[in-house]
Amino acid sequence: MKPKTTLEDLNLSLGKRTRLRRLLYRYGPGNGTLLLLPIDQGLEHGPVDFFANPDSVDPTFQLRLAKEGGYSGIVFHVGLAEKYMTEFAGEVPLVLKLNGKTNIPSDEYAFSPLTGSVEDAVRLGADAVGYTLYVGSPAQDEDISQFAEIRADCQAYGMPLIMWAYPRGEAIEAKGGRDSLYAVDYAARVACELGADVVKLNFPKFEESGAKELPKPYDQMRLSPQEAMEKVVKSAGRTMVLVSGGGKISDEDLLEKVKLSMEAGVTGLIFGRNMWQRNLNEALKMAEKIKRIMSEYGT
Amino acid sequence: MKPKTTLEDLNLSLGKRTRLRRLLYRYGPGNGTLLLLPIDQGLEHGPVDFFANPDSVDPTFQLRLAKEGGYSGIVFHVGLAEKYMTEFAGEVPLVLKLNGKTNIPSDEYAFSPLTGSVEDAVRLGADAVGYTLYVGSPAQDEDISQFAEIRADCQAYGMPLIMWAYPRGEAIEAKGGRDSLYAVDYAARVACELGADVVKLNFPKFEESGAKELPKPYDQMRLSPQEAMEKVVKSAGRTMVLVSGGGKISDEDLLEKVKLSMEAGVTGLIFGRNMWQRNLNEALKMAEKIKRIMSEYGT
Amino acid sequence: MKPKTTLEDLNLSLGKRTRLRRLLYRYGPGNGTLLLLPIDQGLEHGPVDFFANPDSVDPTFQLRLAKEGGYSGIVFHVGLAEKYMTEFAGEVPLVLKLNGKTNIPSDEYAFSPLTGSVEDAVRLGADAVGYTLYVGSPAQDEDISQFAEIRADCQAYGMPLIMWAYPRGEAIEAKGGRDSLYAVDYAARVACELGADVVKLNFPKFEESGAKELPKPYDQMRLSPQEAMEKVVKSAGRTMVLVSGGGKISDEDLLEKVKLSMEAGVTGLIFGRNMWQRNLNEALKMAEKIKRIMSEYGT
Amino acid sequence: MKPKTTLEDLNLSLGKRTRLRRLLYRYGPGNGTLLLLPIDQGLEHGPVDFFANPDSVDPTFQLRLAKEGGYSGIVFHVGLAEKYMTEFAGEVPLVLKLNGKTNIPSDEYAFSPLTGSVEDAVRLGADAVGYTLYVGSPAQDEDISQFAEIRADCQAYGMPLIMWAYPRGEAIEAKGGRDSLYAVDYAARVACELGADVVKLNFPKFEESGAKELPKPYDQMRLSPQEAMEKVVKSAGRTMVLVSGGGKISDEDLLEKVKLSMEAGVTGLIFGRNMWQRNLNEALKMAEKIKRIMSEYGT
Amino acid sequence: MKPKTTLEDLNLSLGKRTRLRRLLYRYGPGNGTLLLLPIDQGLEHGPVDFFANPDSVDPTFQLRLAKEGGYSGIVFHVGLAEKYMTEFAGEVPLVLKLNGKTNIPSDEYAFSPLTGSVEDAVRLGADAVGYTLYVGSPAQDEDISQFAEIRADCQAYGMPLIMWAYPRGEAIEAKGGRDSLYAVDYAARVACELGADVVKLNFPKFEESGAKELPKPYDQMRLSPQEAMEKVVKSAGRTMVLVSGGGKISDEDLLEKVKLSMEAGVTGLIFGRNMWQRNLNEALKMAEKIKRIMSEYGT
């Protein structure tokens, strides 16, 4: 098991430290790991993601799951936060997602405009904010600038900043795709360089068939999944890593992913569809299983 | 009959609650439903919409209809509000439309720039503002950003915010068109995620011939009109739904649309051309019929 | 004779009312009509417009014409106003034109950037400002936004706002051209919706050969020139209409245009080249003739 | 000899009048004419312009020439001003150039971004600022806007504003080129309309071969060089004209250009490469000759 | 040996002078030269640059090298500075890099958005900031504007400003490439004109095969490497020159480059990959050798 980045490593201001410590030690697993429940898919993909479990269209479902399942926090855009959080105030920490977009137009020039502000996060009692940076997008100029302003606001308000570091855009597709080790590894470093406190990353994938499109020397690298994830964690440096769930996979694969990720030194997990695309009981059971694994990786 | 979103559900600040309660309970049907009269077609389509009823080119016509017909409010851009509302002040609530455009250029990259501000709405004594978001337009970056700023202003001034959530742009046309259930359903959720208090939506349409263009699983869904509307209301969550009238249809179809919509749980109706493209007496009679139906769906 | 929009109709703030009343009743014809002399052609077309009357290249020529001919006001960009108005201060009211462009590049994406501000107008003692909106241009997003900011400044400073509502751009050319009734009628309504106090419009033209390009039902409409102008005045609603002169025409045609326009209910005229492309004596005589006609249309 | 625009004509505020009078009467020829030395070619063209006279790469060379040659002022971007002016403070007036660009990319969409501000000019003790407007460029929207902001700052700080009015861009090339009378004449008027105090123009050129590309009636005009320049001066109106030197020409041609220009009523000259692409002694001698001619055109 | 630009030449404000003197005389070689260690490659190229020396992925490696090797300073983006500098505070001066980008999309329209601010630099105790200007890029408008704003902030806060002056973009590639003398020479002058205090440049290269693409008279120039560098230093004028290392080269070539550069009058060196792509001992030894050469070029 690889040592993982701790709160001490991040050298945070008092406000950031206070909020992030709360997420790490007062909610969720409580042992310095993070388990977040994201519900921004309604904006990103439309209501279609809720079809597998019709109850999930009502964010109260996810809030109950987060509360009863003992999550570290829930992720909402400002609209859902304002409309649904009140009855869970102080019980489920809020991570306010600050930018997003629909998937209706092409994402060749992927960019997510702001939907809320750090001031909104403060006003709503959030303990962190989320920002999607499309690493490598042709729109990176605008994206990096916008991120830098959010980072400055976070610095001013002592608000922890989680970057959804998503390789995206026509150039990344031509260099092996968004989930390659090349792409995820680069994204991890970008998050560290630009000043994210935490980075959400996909688990890197390797496909022999696409290997020749990868930039050197990634085209020659043959790492086990865990080695690949360890490498990514290293590139993220003093930025805590959250592993993203992506589309739904089998329970065995999910738990394997959790195990490998934690073993590789990540700080936590942020699984959405894999959790709330099942009924509450099953979701709670799965949360329990995940947390049991996470309990072995405290700091 | 499906339960509908109530004022309590929205968890509003005092200013928003005061103004929206006024619209819901002190004007119009007065039973928690909304009946709005929109007059922004002169900007959106030009004077041509007034040809069917020449009196309607003078906004005083619609103001009389709104007052005598007992509407919950009238929708104007800033120019009409400033020039025509004075004699109806306090008698017909104003919904200030904040953005718009002409239909002269192509709407492949549909975007509506601001024509007024939330400050204008406050100054003019408005009880809500309207904003058109072209859901899925290639210009969504700019649109979502601009909406987010208006939302923040509404939050600051306690002004209820109604989103005209219109699927539009080249991508939406390629995925089954602007009035498909896919499009309207997605638009409903976007309004909720981004923080609209109320959303104006078209009644979803289904055409077998175009079904194969729809994203999965909408291409396989065969819902009755009411089921489709119920689904949309659900996707809108704690955002009140207003059903839009669109171009003129027969009286029977109109009343059927009212009935189906109310049955499906919408909060109200926002019919323009279907109302004021007839003379005052006929329009008042029709308003009466509509309100009779609405009277059965109070909260 | 059609009744025309009066100062009372406009429901103005004290500052706007003070300045506009001055233009309507204290200068020029003084009977509630307006006769303006525009000199922005040097920017819009270059010095070529001054060739027909070489004296006219010096704005002092037009200032003398405005003063001796008893005009309601003169229209300048900030440069000419600052350099030439001093000796006519208080004798010739200033309408400060706030945006403009050269005609050197293509006007497919027509847009006029700001050349001055409402603050400049206040500083220079102007009684109104002018803004060119290219109705239907592909650049309408930027144009409507920019207009909305100027409108807000005018509201703040009590400065009357005259919109040069010019249909323009590739889309308008494809729909029958900039001077069609369709285009001018739409422009008139846009001015009213967006909050102009006064709108400058071209006299609509009809050409049988191009009729089929017009949007319905304009393609079928066959109105006399006066009927067309009356229709436009109606679409402008509570926005005073000024008829533009355009390029030079015969004296008979000009006086006929004045008569028809006033008869149709416009508030005034804004003729440039038709006035100052002749020597001072002839221009003064023509001004006299025009004012004689206008004197019959007071309010 | 044509009468030329005087300080009185410009109707300036106290700050502008103070600074411009200093340039006109306390430095340089001192008789109401202007002789400026521009050194912005290092940015506009690169170091290549300094090859003919290697000493000229060091701006101290031009500062010595300006001081010993009795120039009215020297033109620098902020970098050169900050680094080289100190030892010449109060001896050589500074004209701070506020925008510029490299000539590396194509200038089809010519536009010069800001390199400094009017506040910089005030801080550095400058007596005027320079702004390049690419008249007729497809980027004119941005350019006119940016100029208008600089103009407003100049108005606020009492800083004289010199416009480098350069016809440029694909449209101007298609209409006879940047140095045609059509182009220069239009540029002169634009400077006056937009509120420049002084305008820098190229001497208009006529080439029979390209005449047919010129807009009417310039295509038919056959003026002597002096008549052409007189026409331009007239179009500039109450804006002082400076004639630009352009690339190096023979001494006879240069002095002829000076004579013709002054005779045509311009206020001064702004020659760069023609002056400092020779050694100091030769440059001083040439400056002497030029000033001798200028001495005959005082006001 | 050519004389080099000294602190006195730069005519700096007290704040800039204080900070730059510290870098020149209190840290690093301490004799008026500069030796900087840049670590922004993780953003610019991704983690791939760290593969040659896996320890180097952790910025603590470079910080140790900078401290033990006696560097004048280290270059970080805000993220690395915040996360890794604390334990080296006051021991290794910080140069905060303010803009950057990934190399994933094409750099035809190269532009680096801001990642931090001068205020960040002040907050973090930095002694200088770095800004990458892509000289000649089609995006130069935006780049020069953005630089001008940073320059103004540096002026306000007394913060030395180092320009990474990188010729880049499609036009530069068509004119002989980014490392030609033409390109580097132009870049040097741009830095001086725009007001950089220090400029980072590549060592100019000459390739006979590409000479004919170079603009005149560079296509005919045949200079020794040292002569070329001397020329560049001259074009930079009163802007201190730092020579960039670029990709890894042999130790002999590296030391030769140092010798030639210092001999040509540059102020210092900024070598990244050539230093930290080896283990700490070797890197320290190489730093020692470089500093031995630099010790002969003090001021």
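Chains here go by letter, A, B, C, D and E, matching the order in which they are written, and residues are numbered from 1 within each.
To be clear about the criterion, a residue touches a chain if its C-beta (ideal position, glycine included) is under 8 Å from a C-beta of that chain, and two chains touch if they have at least 3 such contacts.
Just so it is clear, the model here is predicted, and its values are computed rather than measured.
Q: What are the mutual neighbours of chain C and chain D in this structure?
A: none
Q: Provide the labels of all chains in contact with chain A and in contact with chain E.
A: Common contact partners of chain A and chain E, which must touch each of the two, are absent.
Q: On Cα atoms, by how many degrees is chain A rotated relative to chain D, nearest 5?
A: Superposing the C-alpha atoms of chain A on chain D needs a rotation of 145 degrees.
Q: Starting from the mean Cα coordinates of chain A and chain B, work out the distance between those two points in Å.
A: Each chain reduced to its C-alpha mean, chain A and chain B end up 35 Å apart.
Q: Could you grab the centroid distance between chain C and chain E? Build each centroid from C-alpha atoms only and quote it in angstrom.
A: 57
Q: At least two other chains touched by the same residue of chain D: list those residues.
A: Expected reply: no residues.
Q: Starting from chain A and stepping next to chain E, in what order do the chains sit around the ring?
A: A, E, D, C, B
Q: Can you check the complex and tell me which residues of chain B touch chain C?
A: Chain B reaches chain C through residues 40, 42-43, 46-48, 51, 57-59, 77-80, 82-84, 86, 100-102, 104-106, 111-117, 119-120.
Q: Mind pulling up the chain D residues that touch chain C in the complex?
A: 9-11, 135-138, 140-145, 148, 151-152, 155, 167, 169-172, 175, 182, 185-186, 188-196, 215-218, 231, 234-235, 237-239
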